[in-house]
Structure formats: structure tokens, C-alpha cells
Amino acid sequence: MSLKPLNIGMIGYGFMGRAHSNAYAKVNHFFDLKYKPVLKAACARDEAKVKAFAEKWGYESVETDWRKLIARKDIDAIDICTPNNTHAEIAIAAAEAGKMILCEKPLAMNGPEGSKMVEAVERAGVPNIVWYNYRRVPAVTLAKKLIDDGKLGRIFHYRAKFLQDWTINPEVPQGGAGTWRLDVAAAGSGVSGDLLAHCIDTALWLNGDLADVCAMTETFVKERKHAATGQIQKVGIDDACTFMGRFKNGSLASFESTRYARGHKALYTFEINGENASIFWDLHDLHRLQYFDHRDGGLTRGWRSIHVTDGEHPYMANWWVPGLQIGYEHSFVHQVKDFLEGLASGNLAMPTFRDALRTQYVLDAVLESAADQRWHKVTTV
Amino acid sequence: MSLKPLNIGMIGYGFMGRAHSNAYAKVNHFFDLKYKPVLKAACARDEAKVKAFAEKWGYESVETDWRKLIARKDIDAIDICTPNNTHAEIAIAAAEAGKMILCEKPLAMNGPEGSKMVEAVERAGVPNIVWYNYRRVPAVTLAKKLIDDGKLGRIFHYRAKFLQDWTINPEVPQGGAGTWRLDVAAAGSGVSGDLLAHCIDTALWLNGDLADVCAMTETFVKERKHAATGQIQKVGIDDACTFMGRFKNGSLASFESTRYARGHKALYTFEINGENASIFWDLHDLHRLQYFDHRDGGLTRGWRSIHVTDGEHPYMANWWVPGLQIGYEHSFVHQVKDFLEGLASGNLAMPTFRDALRTQYVLDAVLESAADQRWHKVTTV
Amino acid sequence: MSLKPLNIGMIGYGFMGRAHSNAYAKVNHFFDLKYKPVLKAACARDEAKVKAFAEKWGYESVETDWRKLIARKDIDAIDICTPNNTHAEIAIAAAEAGKMILCEKPLAMNGPEGSKMVEAVERAGVPNIVWYNYRRVPAVTLAKKLIDDGKLGRIFHYRAKFLQDWTINPEVPQGGAGTWRLDVAAAGSGVSGDLLAHCIDTALWLNGDLADVCAMTETFVKERKHAATGQIQKVGIDDACTFMGRFKNGSLASFESTRYARGHKALYTFEINGENASIFWDLHDLHRLQYFDHRDGGLTRGWRSIHVTDGEHPYMANWWVPGLQIGYEHSFVHQVKDFLEGLASGNLAMPTFRDALRTQYVLDAVLESAADQRWHKVTTV
Amino acid sequence: MSLKPLNIGMIGYGFMGRAHSNAYAKVNHFFDLKYKPVLKAACARDEAKVKAFAEKWGYESVETDWRKLIARKDIDAIDICTPNNTHAEIAIAAAEAGKMILCEKPLAMNGPEGSKMVEAVERAGVPNIVWYNYRRVPAVTLAKKLIDDGKLGRIFHYRAKFLQDWTINPEVPQGGAGTWRLDVAAAGSGVSGDLLAHCIDTALWLNGDLADVCAMTETFVKERKHAATGQIQKVGIDDACTFMGRFKNGSLASFESTRYARGHKALYTFEINGENASIFWDLHDLHRLQYFDHRDGGLTRGWRSIHVTDGEHPYMANWWVPGLQIGYEHSFVHQVKDFLEGLASGNLAMPTFRDALRTQYVLDAVLESAADQRWHKVTTV
């Protein structure tokens, strides 16, 4: 059974560039697939750095201009791991060049920009996906299955949080490698686009569309040095964002994100309360799912801590043995696996650009609401 | 050292009537005080039931008309454990009769009504307190101490939830004993006055006043049988209430309460994120306090689970030995202890009616905001 | 319904004297019973202290000689809360005087002494019980019910620990009030009689008799000042004791106790592994029971954290509402409740002296094994 | 910076063959090293299976006779992933051929056999290591660092457990792929060599040598079908093994392992109680370390749950960002990293064969003690 190569052109070499490269390198060791990603070229403006990156990961070549990468005939798929403000231009050009696209989240700077990207990939007919990797944490995939199996019944509440604490120190700069997420020009927004985007993607996947939202944002540290200019500048991003809302299925939404929650590094949690059962998940212990089923006998009813490492659990038969946990990086491996299976079957893995666009319009409504202090309807995609 | 008797007249014999009676009966066994509560009279309209209650708890006499109780010379203090819509009338009459008053929470049906009660007790100069008992859970009292000691630094976030699941079944009636909390005429509101009132009281105590709020409420089960009339009637209470807001100290508020969170019986939680440290507490494990201190060494920094049972911890030297937990009922014992010490010292224990009135005005702003879908400023007391 | 008084004569006023007095004072407030304990007399050698104790708890009279107390006609039941080395003499005398006896654990200094006590109470035909209070923690009682209901199937393992850390400091004296448990003359042994006795009692109750054991003990601090003499003396107690063994049902036993486990105040835990299900309990969160049922569906199988506060749970319908926990002291209230119901029904509550004697013989085998480093059979009662 | 290749010859393709191969494939992506493992050849008797394995992992060639593999000039290091009863023969031959050896645990079937292996590698002067991978779980490595830094003070207790439940079903066969661990001929012993070996290795590393032990074993299912013969045969392994003992530093040991603990898949836990601090770790949440420091202030003292994902934590700076956990497989990556660094520096990574031999002699003493029911001294290596 010889594998069909899928030649990857990677743009960017940061945190996500590493996470994706690792996924491409590992996926065929653990899953039986028809395709095999080939690390064909890595691309970034800094030649020395991209060369070091390519050598470390085994990319066969490097480029310093993404337009040249896109123009190469030997590249099948473009992986976009650059700051948010560059996604649209690159993705639209890649689509026009007939490349498949795997784009980091959030898809775009805002809904209208994302809509253009959706148009571009759909017009070109190229396979496309957005790296909302948390859908493929086995415990989260299991949550989806339990909901689809009807275990929860009518849903009353969906609440999610994404709490970090790494920007409390006012000496953290804005802009630059590692801190572009604090620069509104590059990131478009703060925790909303960076963190809430994940929460919203999972929520829409598990619980359907949001109808309307009401939000509040705050910037606790008003000025920071800019890494590029060296000057103290006004901070344009949101440090914290809280919103409430209503899903179309009638359940209530409660969301919060911040980078000022001392003690939490990357505490993404969600909880869903249904008529018959509830689910809770926590990124800090991502290999567990908490599940409460009211139909259990009254004497022994309790929250079950499911150690999601059994062969029956999503994706887990392909890893180690029961009881041995996997980690963060594996969610990316699973996404590549599903993307490649989608290519083989013709049934594209989610979230496509169109699917991910929904999150973008929720974010727009959230930020508009925070700005004018009113409830906003969410634009339907 | 002979103890000075404090003759109690208790109105009501339900859940809170029992909790308070137990506190009066126990307090002198564990604390050295100048006063000793004497269970002088219990009062309720149903003579048979109040007699049974009085016999069980050792009340010396019974009354079936609270006005008679208030008129009795041998009563020093009136304890109000009746539905919310009766608090004001009883309290104002009791104050006019010169009685001390210990009133169940919430103080009143709304802010203006509560203001009249405050005026009454202050005009009469009678000692008064409201039973926001959670302030006296040792772990919560410890949280207050840590904040007052400056351990947290600047506060960024305060979030609280109170989740229950006992009204999901639509067959639960509204009105009547045990379910008057579902009857808007008796309760005034639903989870906001019943549950969020606790969350708000703690928050104002720990973090100061709220400046403004924006809220959303929902009634999931629109009609229920009324226990009194036997008829299906529209439900007037809020089944769920979520609100966000800003404290005067600049921190953000995120609050939620519901009786539709499957799996949670009485899950009151709060978390405070400060610049240097964070605190988390959970009523389902009320004897623990979670504490994270960023100043701990980087290698061993982590959330500490403090088992609040050591002699150094608030109130605990008077109970058992380290490691042995107390429960829910002890918060009431501590409130009586502090009330009696306040009487002895002349420095009244908190929350007085005036202190508790602040919560009432937050609730008013919350419910108005939910009604008109706008942000509301909180009236300053 | 007038209650029948049961006149209590309490000997001792320490930690257990308080715990039992509280139970007598509270039990009728929460349970409907035919009997009502009356605090008739408290007895101890130190007249000033016993008077203060009597006043605090409402004992009607005091004695300074336990023989006089036993001789009193107005006393129905003797409660023995004195150091272990006095249990036998008092209990035998009380039995001969026809008094009911409620004796603190451990029953005796050793098996043969305990056997004489059993003979005495059985010859006299007086109701008797030993205060192994942990059987009446609702979560533990629930564990018993689940086992009796056959939920676990064949048992493979039973393991228990009781870990404390209060004697690590070598300055803690031996002998004297509060520290007589370190004086071998008063206590008979160290952690084995004090802590393992609890673990063994629960184990025999839940899992049947032990057949044989092999043990190891250690005394980490070899000399301590004696509180009575003020002199440095050799420590005669065991600071730590570990043993393994086999139950008659074929399951394996693993037990450990120590007062040198930094970080644990009173961490009594047990776990039972059965063919179909397992149970875990922990005194530091005594209101929870952990339960794993292999028959749950493979996808959602997990340890359930049961918050043992529902009306269906043992004893809990008589306390507050679901979600609100009780604490350590309530196990004593439940024991009094069951003792009084046993009196009324003629079916005595467990553990009687005879039932508790089994633990004594396990302890003897454990200590003998530690001394001669061999396996020992447990004497059958 | 060109990397020096280290040509690996892998024998075996099971669970461990995959875990090691993954480590070789990943290590250079995450760590800057002087060596780079090259997957030169995979070896096993079943040609079809070893070819499939080689293709999946990118081994350049295959062998079906390990003697041929060892004879190859292009192989630098032999990785032994075969059943325990083959380790000695292969390792001794490999040493004689001058190959480096990376041998799966346990090193040997028993101490004397292991001693011969130690002699062989030391005579040949070849680098050697045993795959006791848990030393390189970052939380465990952190525990070692805290102990070495003197945080715990005098040690009183070390307890460890390794609990599984996969052989409760009597239909699980003995012998054959995946179940050779139940066949005494292949495995040498049951849970002792398989699971306790891990616990002992960690313990000796963290707490020094054991002086003497006393053990108990049990085989719950007495007969099982043999996968090779298809016949019901007596089971020769230990299903469960419990032992106690004393470390040379005076602390007490309490160890237990079983495959009959319903609800636990691979629950390896250890706890160390020192004079000043205690440590607890749990394989089911391997990314956390529980730490209690008595020197914390009395009010806020508690067990700290350290999320071992910060850049300061061992190995973690090379993975993702704080808050994002790694999993089981990464312990093998770390072992390869340390082995390669040891090669480069000439300071071999632990545990070498000699270091791992200590565990073997503890196991011998444990099994002898279980057989003759006496205490046994541990042979010093």
C-alpha cells in the first residue's frame, strides 16, 4: 500500500508552525491513511531563521516570499501560520493558485474579510480547513458524540472560559515575535480573536448557532512598549472579554476570556447543562471528560471523571494503551488525520473556511456590543 | 460567669427556622460568650405545625400571630424566617416595638422596600442583621482575611455562580411550603433574589461595590401548577439569571445563577483573580479554599487546596481537631456567635440591614437590565 | 408523643467528651425517636474543669469519682471517654451496676482484656456499643449498602490508610491532657490502637474478618519529654504501623497508619476493588464517595464523585437540602440515633463490645507480627 | 551544525517498539543535540509484520534474526523490546559485538541474570541504558530535583502503587502477542516484574536503596488458556503483589501492585513524606505534581497542584507553551535526549544496566519473601 504524497508549503515557523509540522511528521506513524504529508518547503521573511526551522523539521527547501511559495508547482497545500492580519491575502492568493489551504485560526480579522476568503476557496474549489484544533482533543470529540447520541436532552446552558495570566506584567511588550498577539494591527483583537475564538468554535460545533450576544471588554494595561518601535504606545487590544447570549436552540450562553486570571496558564473550560446530563471539560486536564447523568441511580449518581484513554474513545485506539494519556500536540495530529481522510473520501473535514466563518461573525457581534453597550444579533453565515 | 439570656422569638419553622434554631442551641457549647440565646417562642399560622416545631427544638411557647409575638415583653429579638414578601412588614413592626431583628435574606423584595426597613431599624436604634450566612463559612472568612491582608494586590476579575438543578422537572409546583421560592408573589424573583443575592453579598463584602451591570434572565418552564390554587399558572420568576458588570475598584464582574444546571445541587462558587494571587471557593466542598500565589517559587507554584480545619483558621479553634471538617450549619452558628459578640461590644456584626441593602439595589439593577436589555448603574446606598 | 429520657453519665471531658455531648444535645432536633438523652452528670477527677464542662454543655451535676457516678440510681447509661487503659475497669464495673455502656474506641488495651469486657456486659445483659463513629458517616454507610446490594461482586483488594502529621515535632510531649495518646501506659499502643483501629473496624464491617496479617512498626522519635514527670523518657508507642494480610473472603489487605505524613491532618482513606465496581472514601472530604462501576457504558465509564447529600442517602433526609454538606460531628449524632433506635426496638446497634472485640484481636496480631517479624493468624472472636 | 547519526537496530515491534521509535523520530525536532538517531533496521521473527512496522516508521531495512542484526556493521545501537526472558541473551551478544544497548525494563528475569548482563556491558565498555521511562516524566524529574534541593528534609515514608484492571476477565489468555506478560515463562513474574519494577526504580532513584522487604503475592485467576497451545494451563505469574520494607535512610516502604483494581487502567502513584514537605504523583495525571510544604504560612498551607508545563520545569521549555500538557510518550523522547547527551558528554545517562540491577535484586527479595513468608534482606549491587 504505497502512500500518496501531499506536499506541504508551510508559512511561518512559530508556535503553530511547530505544532503543525509535528502533526505532519507523526500522523502516518499512528494512523493508516492513503496520503502522507511531505514537508516540501518552509517559508518566512527571515532567511536564517526559516533555514534553521527547515533543517530542524526536515523541510526540503525554504522560501522567503510567500508569493513564490504559492507559485511553486511542487506544492499541494499551503499551511498559513502567520499573524491574523495576513491570513486573507495569503489564503485568497493560494486559492487562486489552486492550492489546498490549512489556515490557522482565527480565519480572518473580521466577518466580511472572512467572507471573501470563503468565496475565494469555494470559487477555486480547493480543499480548506481552519485549525480549530480543540475539536480533536479526544475528550472534546467524545463530548460531541454524547450530544449527538442524545444523552443530554434539551440544552439549558452553555458556558465557556479561556483564562490565562501571561500579560499581567506591564513590561510584556506589544508587537514582535511571540507578542504580536498584543498588537492590534497584527492580531485584530485581543483575547476575543485569540482565545474566545476557540470557545466559540467549540460551542457552535457542539450546541449550534448563537442568535444574539451582549459583551463587555476591558484593557487593563493601557500602554505598552512596542517591540518594533521601542516606544510606549496605546494598547489597542482587549485584555479581557465577557459576553452572554442566547443560542438558537434556546439555551443561554456565558463566555469569558482574559489574560489576567492569575494562576491559569491556558484554562479553557466548557460546561453544557442538559435536561438529562451535563458535560464539563478543562484544557488543563485535557485527557479527562466530566460527565453527569441524572438517569444513574439516585444513590450512586455523581460526576464521572472519564479518563479518555480507552480504545473505545475517539482516536485513542491508535495511540498507547488504556490509562496512558496523550497531550496537546495530538489534537493537531488528529486534525491532519481527518483532513487527509477527507481528501481521500471527498467529504471534507470540518471546520472548513465556511464553517469557521460563523465564529468570525460571532466575534464581530461581540466586539460591536462591547463598543456600543447594546445587544447585537449575530449575522447568519 | 453567668450568661445573659437573649430571648428569641422565631417566626417561621421551615428550612431556615431549623438552621437558625440549631445555631441558637449550639453556639454556647462551642464559644465563650456573654450572651446565651433562649428559645422563648416560635410563631407561625399553622398551630399544630408550630407546636411540633417548638417541641422538637425546645421553644418555650408558641404564637400564631406574629403581631402578638412582637408585642410580648419577654422577647428580645425577632428572627424572621418567612417568605420574602413578609420581611418588610414584620421587620418594621418589630423595630417599632424595639426588638432586635435577625432577618433572613434577601432583606426585601427590592431596594426601596429595603430602604424603609433600614430607616425603621436605624430610627428605632435596634441591633439588626441579615442572614447572609456564607460570610461565616471559615474558608470564606479566610478569603476575606487574605484580601484584607493585601495578598491579592490589584483585583482584575470576580466571578461567581450559584447552580442548582431541582426545578428542571416541570411537575415541581409553584407556591406552597417548600416551593414558595417559585412563586413570584411570595419570592419577588427567582434565582436572582434566592441565589444571586448570596453571590452578590459575598462579592460586595470581598470586593466592594458594583458600579454597573448588564443582565439576562430566562424562564425555561413557562407554566407550573400553583400549589395553593391547583391551577396551571404562568411562572413569574426567573429560572436563570446571568449578569456582567464592573466593580468600583475597576475589576470585572461575571455572575450566573440557575436552577437548570443538571448535576449541581447547590454549587455556589466564586473566584477572585488579583495581580499577585487568586482565590477560589466552592460550596460543595465548603471546608476547602483554593489559593494560588504567584510569588511562590516558579518550580513549585500551584493552586493550594487549603483544608480549612486548623486552629489558626477562622472559627476553627472552637470545633474539633485539624483535619475534621464542619458543614453548612456551622455558618449559622458563627453568625449567632458574631451577633452576640457584637451585642456585647456594641460593635454590631455585619451585614446589618444597611449593609445588606446594597445587595438589594444590585438586584434591582440586574432585573431592570434584564427587562430592558441595557446597562444599568447601581444605586449607591 | 412524649420522649423517654435516657440519663447519661459522662466520664471524661476531652475531645470525645465534647463530641458525644454534642451528639446527645442535637439528636432529637433532627431525628424522631422514642428516647431523649438527658445530660445528667459529668465526671472527671479535676473538679474545676469538670464543672466548667458541665456548665458549658448543660450537665445537671458533676462527680469526681467514676465509682460514685456508676453507683447513682439516676444514671441509665455510662459514656466512657477516658484513656484506653481505664476502659476495662470502668466498663466492667458499670456493667455490674446494670448500666448501659457507650465506650470510646478502642474497646480495650488488647484482646484478652476486651474479652473480659464482653463477658461482663453480656453477663449483665446491658446494652453496649463502641464509638467507631466512622461507620455512620453517610458516605461510609452508603458504601456498606452498595456492598450489601452486591454492586461490587467478588472482592480482590481492600486498602486503608490513616495519615496524620501532628507528632513530627520532637517537642510534642508524651502523657498529659491532649497528648496521652503518645504515652504507652495510657494508650497501650500508638497509631495502631488510635488510628488503625478505625480502619480495621470499618474493614471488618465492610469486608468481613481478616484471617492473617504481617506487620511492621516504627518509632521515629525515640525519646520525648513526659508531660507528667517533665523528664525525657523512651517513647513506647508505635509512630507508624503498616500491615498486609488476607481477608477470609480471599481478598488482600493493605493497611498503613502514621503520624509522620506531612500534609495530612486526619487522612483516613479506604478503597475496595471488586470484580464489577470499586469504592473509595476519604475523611478529608467525608461527604463524598467515589464509585466506579465497570458496567457503565465503555464510552462514559469513570469514577463518580457522589456528593452524599441527597435525601436518598443514609441519614441525609433529616438534615438540610441536597448539596449542603454535614461534617465530622454528625457521625456521632447518627450513632446516638441508631443506639436509641436499637434500645427502642431491642435490636442493638453495632458495633457492640463483642463486635468491636474483633478489631482488638486484629490489633494484637498486628503488634505481635511487628514484634517477631512473622505472619500471625487473627484470633476468631 | 551537522548531526552525528546514531544507527538504531530495533528488536521487537510491539507497544514498546512503537514508543521507542516515536522517540527516535521526534527527539531532534524538539531538542538541540549532537546526535541524530537513524532508524536503520527493525528486527523480528515474523517477516510480514516487521516489514509493515518498518514501513510505518521508516526503518530502512528489516531482519528476522537478531543475531544477524547484531552482526551488521552499520548498526551502532541495539534497542531490545522483546519479552523479558530474551533480554540477557540478546544484550550479552550485543555487548560482545560492541554495540550500545538500550534495553526495555525489567533488565532481566532476576538478579543473577542481570549481573551477567552488567558484566557483559562493562567488560565491553559499551554505553547502556534501561528504559525506566517514568524518571523522565517532567513531574517526576521535578520531584527528584525538589528532593535533591533538600526541600523535604528527613524522609519518613515512601509509598507507591501500580494498579490496573485488565486481567480481571478470566478469558484473557496467557502467552501470545499482547498477553505474554501473563505467561511466566516469558515474563518471569507478573505484576512484580512488570509494574512494581517501575515503582522500585523510581523509589531507589528518589529515596536510595531498600534494606529489607516483606511481601505477599496472589494469583486470583488460577488457570487460563495459553494463546500458543490453546490449552488451559496453570497461571504462574503473580496477579498482585504487596510489600513493605525499610529504606537504608530509615524511611518505611509500602508498595502494592495488582491487575485486579477495577477502575484503574495504569494508576502508578507514589508519595513521599518528609519532615518539611511531601510529594505525590499520579500517572493518570502525569503532568501534575502535588506538593505540600509545611513552611508555607499556617493560614494558606495546602497541597499545591503544580501544572508541570512551565518553561522552568524539566524538559518543558522545549515543548509548547505554559498550560499545554504533554503525555506518556514524551518520557521516552526525554530518555533518548538524555542518552544522546550522555553519549556526547561521555557522562552516561541513568539508569545504566548497573543502576537498574538494583531493582532486580529488590524484586528477587520480594518474590522470595512472598514464597517463604519471611523478611528478606536486599542484596547490595
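Residue numbering begins at 1 within each chain, and the chains themselves are lettered A, B, C and D in the order written.
Just so it is clear, a contact is a pair of C-beta atoms (placed from the backbone, for glycine too) under 8 Å apart; a residue touches a chain by one contact, two chains touch by 3 or more.
Source: prediction; values computed, not measured.
**Student:** For the homomeric pair chain C and chain D, should the interface be classed as same or different, according to whether the shared residue numbers exceed half of all numbers used?
**Tutor:** Looking at both copies, the contact residues mostly coincide.
**Student:** Counting C-beta pairs in contact, which chain pair has more, B-C or A-C?
**Tutor:** Pair with more contacting C-beta pairs, B-C versus A-C: B-C.
**Student:** What chain is the most remote from chain B, judged by the mean position of CA atoms in each chain?
**Tutor:** D
**Student:** Just curious, how far off is chain D from chain C if you go by their C-alpha centres, in Å?
**Tutor:** Distance between chain centres: 42 Å.
**Student:** Between chain B and chain C, what's the gap in Å when you average each chain's C-alpha atoms?
**Tutor:** Chain B and chain C have C-alpha centres separated by 36 Å.
**Student:** Give, as an integer number of Å, the spacing between the C-alpha centres of chain C and chain A.
**Tutor:** Each chain reduced to its C-alpha mean, chain A and chain C end up 55 Å apart.
**Student:** Which positions in chain B touch two or more other chains at once?
**Tutor:** 264, 303, 307, 310
**Student:** Where on chain B is chain C touching in the complex?
**Tutor:** 15, 18-19, 21-22, 25-26, 28-29, 56-57, 164, 166, 264-267, 283-287, 307, 309-310, 319-330
**Student:** Please name which positions on chain C make contact with chain A in the complex.
**Tutor:** 142, 145-146, 151, 289, 291, 293, 296, 298-307, 310, 312-313
**Student:** Spell out the residues on chain C that touch chain D in their complex, using ranges where they run on.
**Tutor:** Touching chain D: residues 156-157, 159, 163, 165, 168, 214, 216, 218, 220, 240, 242-246, 250, 252, 254, 256, 258, 260-264, 273-278, 292, 294, 303, 373-375 of chain C.
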